[in-house]
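Read through the structures below before going on.
You will see two complexes here that share chain A, one where it goes with chain B and one where it goes with chain C.
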Partner chain A sequence: MSVEPAVLARARARVLGAVAVGAADPVPPGTVGASDGDRVWVLPAWPDGATPALLEEYQTAPVPLDRPGQARRVLAAALRCCWTRPDDAPWPGESAAVAAVLGVYADMSRGDAVLARRWATGELRRLADTGWLLLDEASGTVRPGPRVALWAEHALPSLRDLLRRLPEPARDGDGGE
Partner chain B sequence: MSPTSENGAGAAASLDDALVGEAVLGVYRQMFAALARDSGAVVDDPELVDVAETLLAAFADAGEDGLSREQMRHVCRRYPPEVFENRLRVLRGLGAVREVFPKPNQLRYRASFTSVVGLMFVRRMMLDGGQSEMHRLLALEQLNVADPRMTAGQARAGADGLARAFRLWSVELLTLTNGTIEELREQAPKLWGTEEILLRAERLHGAILRRWPRLDRTCTDLRAAIYAYGDASRRAAARLSDSAGTTRNLTLLPPETWRTFARTASREDLAAVLEGFVFDAAAPWHEPSAVVTAVEDGPRATPPRPAPPRPSVPDPGLSRDTGSGGAARERLREIAEEVLRGRDRVAVQDVLDRDWPAARRVLADLSAAHLHPELPYRLTWSDDLAARPAGAPTWVSPGWFERTTETETTAPPEKAAWSGGSGPPERSAS
Partner chain C sequence: MSELFEPVLRGHDERRRAELVAAYMAVEHAAEPVPEVRFAALREPALRRALEEMLALSGRTLVRSEQTRWISGYRDDVAAELAAEPECVPPAHERAVLTLVLIHSVAIPRAAGLLADDSWLSPHPTPVEELRRRTQLPIGELEAALRRLRTAGLVAQVKAGADDAGGFVPGPQFHRLTAGARRRLQEELILAAGPDSPLAAAIRARRRGRERDRGETR
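Moving on to the complex of A and B:
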């Protein structure tokens, strides 16, 4: 079975989602790479700078998502902690403690804080599965995922504005359970 | 199934034979009268059967008196007259509808019981294609076999009939199996056998064989027919599931079959269904604006406070102009002083003694000065009315515009409002 390596790499990238390859490896055509140090994440590229948000203009249903609002709030909380220099691009960002992210989310939301943390943990894992965050459960840290690099610069000011208004992340050490 | 005329046979046999044959034929005719188009052929339009059914139902309701021709026509008023006439002629000809008494000029009719039973049978056959009929026949035959009055001849006849039915049934299924898959899909559920029907047939076969061992030859035929039918049924099912496996048309099998497959299949079987497909990984998209919207719409720790209203244009800050009061007051004061020209009071009709468009503007300004709470002017009117046919306002009430106090700037607003709101009558009379 002879398949072109580029085609195979592209198929692998599509099947596995955001995958990291070595920085020296070629990025298959039809994708863009979000590089960070010695790794490159292969991501889908859309023509003309469009993003899937364009689907809304054509009144096409996007990929169905359970509780999109909650997932996006958790993403915002994670960015509040990881995107420490808002004037820069969010990718690659910095690592932050998961506990701090959970604390920000619990401060943002109403109701039972323990329950909010539990919900947010699930959303963090789902966001990590789809490449929006890089979650390191062993060390309990989280980083912005490579998909964040696909955000267009002109869409970011409102997000920066929002993140300034979110609650401060707790300092290291007191943001835990 | 259409009754045929048996003239030749009737002439050759004896009179008794002819009578017996005629009685049998009569039952046949009555049974299938509802299906007859004329006395020689079967109906070609389902509506014709509906007419017969309507008529028979009406007869059942009518009771022993029967129905007259007009009543029958009334019952069948939905159908065209020529259709009704044709049906009535055929039904009478075949004996399904008969005169109450076989006399000439008989006006009332009654219906034959046999025809109704025949029609019920026909309807049931149309509904489920004879399979449930087969169930009934097998159950009846089982009862008959257990009946002590049953003779071997009757048992043989019953077994022969069942064997013939099974043979024909399997032939039909085999023909379908070799035909197109769509036709098989359409027809086979009515034809192919359930385990139960085979089981019941075999039980009947065993019962007959135990009671009349000398009927073994007949029973062998029956057994062979049952097995042939079972084979045909299985082959049709296999063809259907084969074709369902190779096509994407999931409707070739009933939904229940798919459900059973999904519940009982192994993981490998289930995975094999989508072998060769590649699925994109889940990649939901979170636009920054969507993130912002989600955070702002989400439940908050503190209830959102309504923001104060903001102008859409940039806010220049506090201005000197705190309202229109100052400018308007100064303008009114100027006009009032111009009208008074140093005097304390002036007659309104003198002021208005000019053309009306200018005068009414002055009058409006004077009224405004009178009503302004901070201005020391007053407008008082008397109750008289002067008609001046030559004047510019053709009628005028005498009135005075006057200054209320000498110190105009220090007048407190309350006092000014009081003095402006009500004019003392003694001042206006002077």
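Moving on to the complex of A and C:
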């Protein structure tokens, strides 16, 4: 009485979150693959183009974030730096220096800039844990995460407008302190 | 795009199809069990069967709570298979922290009659100081474990109030345990907390019996 392999593969994909396999490896049937050329991230397939945003229409609360406002602002600051060709989709986007992202975030926030950077650093890790960003702490760079590949096309224009209004990232070399 | 669900959805008209999709997204993504009064596909038995079929495609099933609310969780057979895969199981120090939260927030209040028998959610926070003392983990590791457990929805933080210091309680994922999973967790906690107790001996005997039965039917 073992579980059907395809069912188990989709269940495993949910347990592991967005995990990467080699670009040549097959993704389980009934999932979506987000490829950056080298690797493919396995993402859930949702019925009829629905996204979790549907919960809002039914006044149903999604799993809460600890500091949702801060998480969204840090994700926005990262996209400001990594989504360099706004006419394209945000995925896979470009790598940007973490320092530049922290700079944009500090410019967006009121109050103590040192503290803002420290909070944003923790938030970058949480966003990387959940697949919204790909963070490479060793090289100090960040990229959009595979989950942004699930954003519906019709949701992108308002996001583009929002990002245009954010402070511009500092150019390479002068983003840090 | 969503060919996966097509065999189940195909037979339904547009309205029912939309109702199935809405209920599917709700039970898979909501923080808490959703009331059936808001979703036709949870209320009507025929649609609910179709919803079960959609969930089963990914090894999930409906979990009922408080009679009229529903959420999804892993089917017991699927959970057992995944638990046998090391990459699908959180590392030992995260499990240790979670176990301590379950002992302090659920097992002890339940033994004192402060919690209902069949719930793994609790309003009684486990203080961080207690976690620090009992896990014997360096503070950095404890904090990293708590961060990952929170992100996974396995624990939730309770801010300090007027009469307590705050701390951690079991997170929203505990809504998603099937009846079988809740029973196994209860048994594991008894085995861990009182391995020499008569209750633990009874659990071991029952499990041996089940394994024997399974062996004979093979």
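Some observations on this one:
Heads up, the rule we're going with is that the second predicted complex is superposed on the first by the 170 of 177 C-alpha atoms of A that agree within 3 Å, B and C clash if a C-alpha of one lies under 4 Å from a C-alpha of the other, contacts with A are read in each partner's own complex, and residues count from 1 in each chain.
Convention: contacts are C-beta pairs under 8 Å (C-beta built on N, C-alpha and C of every residue); 3 or more make two chains touch, one makes a residue touch a chain.
In this text the structure is predicted, and so the values were computed from the model without any measurement.
In the model built by aligning both structures on chain A, chain B clashes with chain C. In the superposition on chain A, A:Thr141 makes contact with neither chain B nor chain C. When the two complexes are overlaid on their common chain A, residue A:Asp129 makes contact with chain B and with chain C alike. In the superposed pair of complexes, A:Ala155 makes contact with chain B only, with no contact to chain C. Contact with both chain B and chain C is seen for A:Pro62 once the two complexes are overlaid on the shared chain. Of the two partner chains placed by superposition, chain B and chain C are both touched by A:Pro52. Contact with both chain B and chain C is seen for A:Ala11 once the two complexes are overlaid on the shared chain. In the superposition on chain A, A:Ser109 contacts chain B only, with no contact to chain C.
When the shared chain is aligned, chain B comes close enough to touch A:Arg72, but chain C does not. Overlaid on A, the two complexes show chain B and chain C touching the same residues of chain A, namely 11, 14-16, 44, 51-52, 62-63, 129-130. Those residues of chain A that touch chain C in the shared complex are 1-3, 7-8, 10-12, 14-16, 29-30, 44-52, 54-55, 57-64, 66, 125-126, 129-130.
Per the touch definition, chain B reaches chain A in the complex via residues 278-301.
In the complex of the two chains, the chain C residues touching chain A come out as 1-5, 9, 17-18, 20-22, 24-26, 29-32, 34, 38-39, 54, 56-60, 74-75, 77-78, 81-82, 85, 87-88, 147-148, 150-151, 153, 157, 172. Only residues 11, 14-17, 44, 51-53, 62-63, 65, 68-73, 75-76, 79, 107-111, 129-132, 147, 151, 155-156, 158-159, 161-162, 166 of chain A touch chain B when the two sit together in their complex.
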